[in-house]
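Each structure below appears as structure tokens.
Each of the next two complexes has chain A plus one more chain, namely chain B in the first and chain C in the second.
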Partner chain A sequence: MTERVGIVAVAQTKYSPNRADANEGELVYEAVRQVLQETGLKFAQDGSGIDATVTCSQDFWDGRTISSCNVMSYVGHHHSDEDKVAEDSLNAVYTAFARILSGHQDVILVATHCKESQGDKRGIENAAMDPIFLRVLGLDFLSAAALQARRYMYKYGITPEQCARVVVKNRGNAKRNPLAQEPMEITVEDVLGSQVLASPIRQLDSKPTSDGACAMILAREGKAKKLARKPIWILGASNCYETNYLGDRDLAECDALVTAAKKAYKMAGIKDVMNQVNVAEISEEYSYQELLWMEGLGFCQRGEAGRLLDSGVTQMGGQLPVNPSGGMLAGNPTVVAGMARAAEAVLQLRGEAGEHQAEGAKKALVHGFTGACGQLQGVMILGN
Partner chain B sequence: MAELTADRVERLKDADVFIYHGKIYIPASYTAGAVGSRFLIEMRDNKKIMGTRCVACDLVYVPARSVCKHCFAQLDKWVEVSDRGTLQTYTVAGQANGVQPVDPPIIYGVVLLDGASTGLVHMISGVDFEKLAVGMRVKAVFAEKRVGSILDIKYFAPL
Partner chain C sequence: MGNRVAIVGIGQTYHKSARKDVNQQEMVGEAVRAALADAQMKAKDVEAVFTSNMETFEGLFLPDHLMADEIAAYMKPGLKVATGGTSGASVVEEGFHFVASGLFDTALVIGFEKQDTGDTTAAITAAVTPVWGKGVATGAIGEFAKQALTYMERSGAKEEHAAMVRLKADKGACRNPYAHLKLGLKSIKEVLDSGYLVWPLRLLDFCPQSCGACALILASESRAKKITKKPVWIADVVTVHQEPFRAGSFGDPTGTEEYSQDIAAERLYKRNGITNPMKDICMAEIYEPSNWEEMSHYEHYHFCEKGEGWKLVEKGITEMEGAFPVNPSGGVIATNPIGGTPTIRVAEAALQVRGDAGEHQVTRDVHTAVATALGGPNWTVMTLLRRSL
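Up next, the complex of A and B:
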């Protein structure tokens, strides 16, 4: 039988609106240094240390072609086996997981960075659109998300108040997470009174500009047990892609997420996700997304996520705390967000999340996405 | 660039760091392809909105495209769809992003044209914001001067 793959160390920077004091390499090194110190591992090509590094960054955000060149001396790429994944970093963890399952490598460092403060977010998002049929319209991920939010709320009766309660919950959870960027003591009225950016999305329905980095080390079971007191096992992982042209989709649906979840659950032996998973970290750049993705992940029926939230199930102390960390809404950069979710889930499963610890977590769900209206969806199940 | 918030100014003061402002020069050409070109030419020359049909999947793709994403069949059956349709969703985008074709606020919408199976993403105009509604009927308004661009449709207006 194939050995399991364990996460043996995780580290994140504190998320910040602007880390002008560090370049991309220096920023990611803050996280890399911590996981190297925690495990005592060194980079080695003879099987005695870290066999390879998988990074995740995005050329347009780094403002250069081949963005991994930006960080190579800080993540062990020098004279080593390297691979770069673009889009969301949960896919970098998935890639490292698959590399280890191949039997070819035993220990892999995964590192991701993004400095949103350095780029033009709307311009970068517009450049991701089809150049002939969408880009010239001036669409960006915000206006695309607003089209999705409206369609979802219209079709399933989700209210602006329910979306606002996601923000109140997650910004509130962030108060207990020392790495969170923008914890807030706010009310539904504060959210509904904030400026409309692209209706129905308001300023507080969206995440702040953020800089940050995350690193983790994955190892095959035999080595993971020696490297960590509490290795956290990747029990299932998958991803799935939506169609690219926004008009092809009913934007109220998230079929790719449904498929990604089914595949990850099958691998992990999850039959009833609501009762088999104890905590979830879900990527939500906009408030409606936590509700829509909850439904796509099968935590409830379509259109029921608002009521699930209202019932308190997803609050700290509920049956399934969602985003104890504060999520993306409290401030994570795109690209880094998926891996930040995974790192947070690892802390939860180790029982080391401190003030924002969910009680007795045995299995965690991790979600990441990238692109307009969640085009690429990734799901991972972790267990202790 | 992000706004110079108080927190950021404080950090910059302490850090005494150098920030280099650059710009990358990357012109690019985009080929519409045989099918995309015909779609654009029909719109430019004849004010017709064309789709391609997948007979096996019983779908009409608009904008027209050359391969069915469901069955991977090559599509060569052209159909004209209506210039009228139903609004599936919309947003009033109030933020300027530097790349919009007209000044914000811009209404974006997804319009399911009569005879099409997929929605066309475009701008909506000629309507008060408060009268916008999912399900409203709209009609394409073509530009006087058409050049072979999706902007040869100026916008969709209420019927």
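Up next, the complex of A and C:
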């Protein structure tokens, strides 16, 4: 039996709309320094410290080919194994998990950063579209999300008020999270009265521009128990690709998420997610996504997520609080979002989430995604 | 330790400067289908898909998303890595870890680049720090001209030796059905007559920009033995990255730098009981962006003493029929789809181990081979392959 893989330290920067005071390396070092200090680990090739580093960033967002060059001097892998995983950083945690399970490496630093304030979001996302047929339409992930929101709301009768209640909940939760970027005391009317970005998505249905970084150290079980008082175990993990062309998909569905969740649940022995998982951190760049992803994750039947939200189950104090941290809607950069969710889940499972602690969390669900309408979906189950 | 991992399927596209007949995803699909055919597998038999390229070279964001169907990733796990020149080896390393971990029994790993749709040199120039680097960045050619000068100065190698490297590479490329530049060079004079790009680097001293892709299918031990009679085992992978802006990114004028190649080689050989690389390893596919870099790499991978790399060339030791063949495929100097280049090194080394390299199969029996990758600010990845573990 292979040893389990534990998360022994996590750190995040405070998320901010514009960190013009720090370059990418300086930003990621704020988080990396914390996990190094917390564990006392050093980089070593003899098995006495950190064996390898997995970084996660995007060349397009950094405006720099080989974006890990931006952080190389700050994440400590002088003459050692480093790989840069692209896209959502939950993929980087997944990679470190596999590396440790393989028996090839024991202790891995994972670090991610993104400064959205420096990038042209629309231009970057448009560059992901098919260059011949779709780019010329000006499609980006916002307009793609609007298509998905429209289709999802139409097919399952989800209302704009229900989407707005996701925002009220998450921005409200953020008030108790000191690292959150934009906590807000708002009402459904405030959301519905905010400017339309791409109908039906409004300004407050969308996350703000955000800069930030996150770092984490993973270790195999034997070492994790020595390195951390409360190691948090990765019980299951998977991810899954959808097809690309939006016209080939029923955008009201999220089959890739269903598939990724099934695999992660099987690995973690989860049969009834609502009763076996105590807290969930879900990446929701737009408000409708929290509802759609909840359905994909099997929290309820298709089309029932609005009612589940209305029942208060996903509020703080409910049976399964979703995004006690405030989620992406309160401000996380793309790329960093998945790992930020994982870091928050670790705090919950350690009982160290402070004012936004969910009661008695033993198992947590973490979700991350990349691409238009969530083409690549990742799910991870953590436990204490 | 986790599961043993073998290469059970190998596929490449042919390579050209421009592939106007296909888009990026169609081109990559050609390599994927070739690898599946080689392994006699169907797309559904692949459990996970790992990809690598440099997105800024083509100006296509999230290329793996665009090609999800063509790479058999639909409804499957996978991810993308990008580490510059080493990308195509980093992706093999991740496939190796994921299969060894037991999470998957089979994985498709793909490296690709379609450089006719972008401006690679502009993108490489954008790899340096925007604040103080961009004003002096010159893409790859300037860096490797510096490397050539440094090597010349340090070792006493002459331009003729670099030309001999090209002659050797071209001989291999002409026999390799997938190679890009097949020049049919007859003498070193033709190389020495090619114009300078940046002195002392000549046109025929440097690698081309190619469009192409390479796909490998990896499998766990139990699955590998069912798929093929000739599995090629990945014995080990060593990655050595370092921070940018050291004095000698490529070629150290100060003579004080530690080279990532030396460190990687030491680590790989020590971990795998290799005491005499020239004897214990049978051949190498190395990532040489220029003729000069190949000679330098012989030394830094410990195939010979420092300062003696050019002597291996002079003696013909690294020829296809030599005692230690290097780059019988024609190497990077003939074929360079950047994100795919290191994957091709692994693929070509694996073909040699299988004895399936056809006309460019080396004379000596290959039971152990090494494939290398070079990228970033002098980063190295070494992959050790064996016929049996």
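For the reader, a short list of remarks on this structure follows.
In this section, the second predicted complex is superposed on the first by the 384 of 384 C-alpha atoms of A that agree within 3 Å, B and C clash if a C-alpha of one lies under 4 Å from a C-alpha of the other, contacts with A are read in each partner's own complex, and residues count from 1 in each chain.
We adopt the following convention: a residue touches a chain if its C-beta (ideal position, glycine included) is under 8 Å from a C-beta of that chain, and two chains touch if they have at least 3 such contacts.
Remember, predicted model here, so these are calculated numbers, not experimental data.
Of the two partner chains placed by superposition, only chain C is touched by A:T2; chain B is not. When the two complexes are overlaid on their common chain A, residue A:M184 makes contact with neither chain B nor chain C. Once the two complexes are laid over each other on the shared chain, residue contacts for A:L291 go to neither chain B nor chain C.
Of the two partner chains placed around the shared chain by superposition, chain B is the only one that A:L142 touches, whereas chain C remains out of contact.
Residue contacts after overlaying the shared chain place A:R122 against chain B, while chain C stays out of touching range. Contact with neither chain B nor chain C is seen for A:A305 once the two complexes are overlaid on the shared chain. More chain A residues lie in contact with C than with the other chain of the pair chain B and chain C. Once chain A of one complex is fitted onto chain A of the other, the partner contacts of A:N91 are limited to chain C, with no touch recorded for chain B.
Legend: residue contacts after superposition of the two complexes on their common chain; A:D81 is shown touching chain C, with no touch to chain B. Legend: residue contacts after superposition of the two complexes on their common chain; A:S199 is shown touching chain B, with no touch to chain C.
Comparing which residues of chain A touch chain B with which touch chain C, the overlap comprises 63-64, 131-132, 243.
Of all the residues in chain A, the ones that touch chain B in their complex are 16-21, 63-64, 116-118, 120, 122-123, 126, 131-140, 142-143, 146-151, 154, 196-201, 209, 243, 245-248, 250-251.
Across the interface of their complex, chain A is touched by residues 1-3, 23, 49, 54-57, 59-62, 64-69, 73-84, 90, 93-94, 96-98, 100-103, 117, 123-124, 126-131, 238-244, 258, 260, 263, 267, 375-377 of chain C.
Here chain B touches chain A in the complex through residues 1-2, 5, 7-8, 11-12, 14-15, 17, 19, 22, 24, 28, 30, 32, 36, 40, 61-63, 69, 88-95, 97-101, 106, 108-110, 118-123, 129, 134, 149-151, going by the rule given at the top.
On the side of chain A, the complex with chain C involves touching residues 2, 23, 45, 52, 58-60, 63-70, 72-73, 77-87, 91, 94-95, 97-105, 124-125, 127-128, 130-132, 238-244, 255-256, 259-260, 263, 370-372, 375-376.
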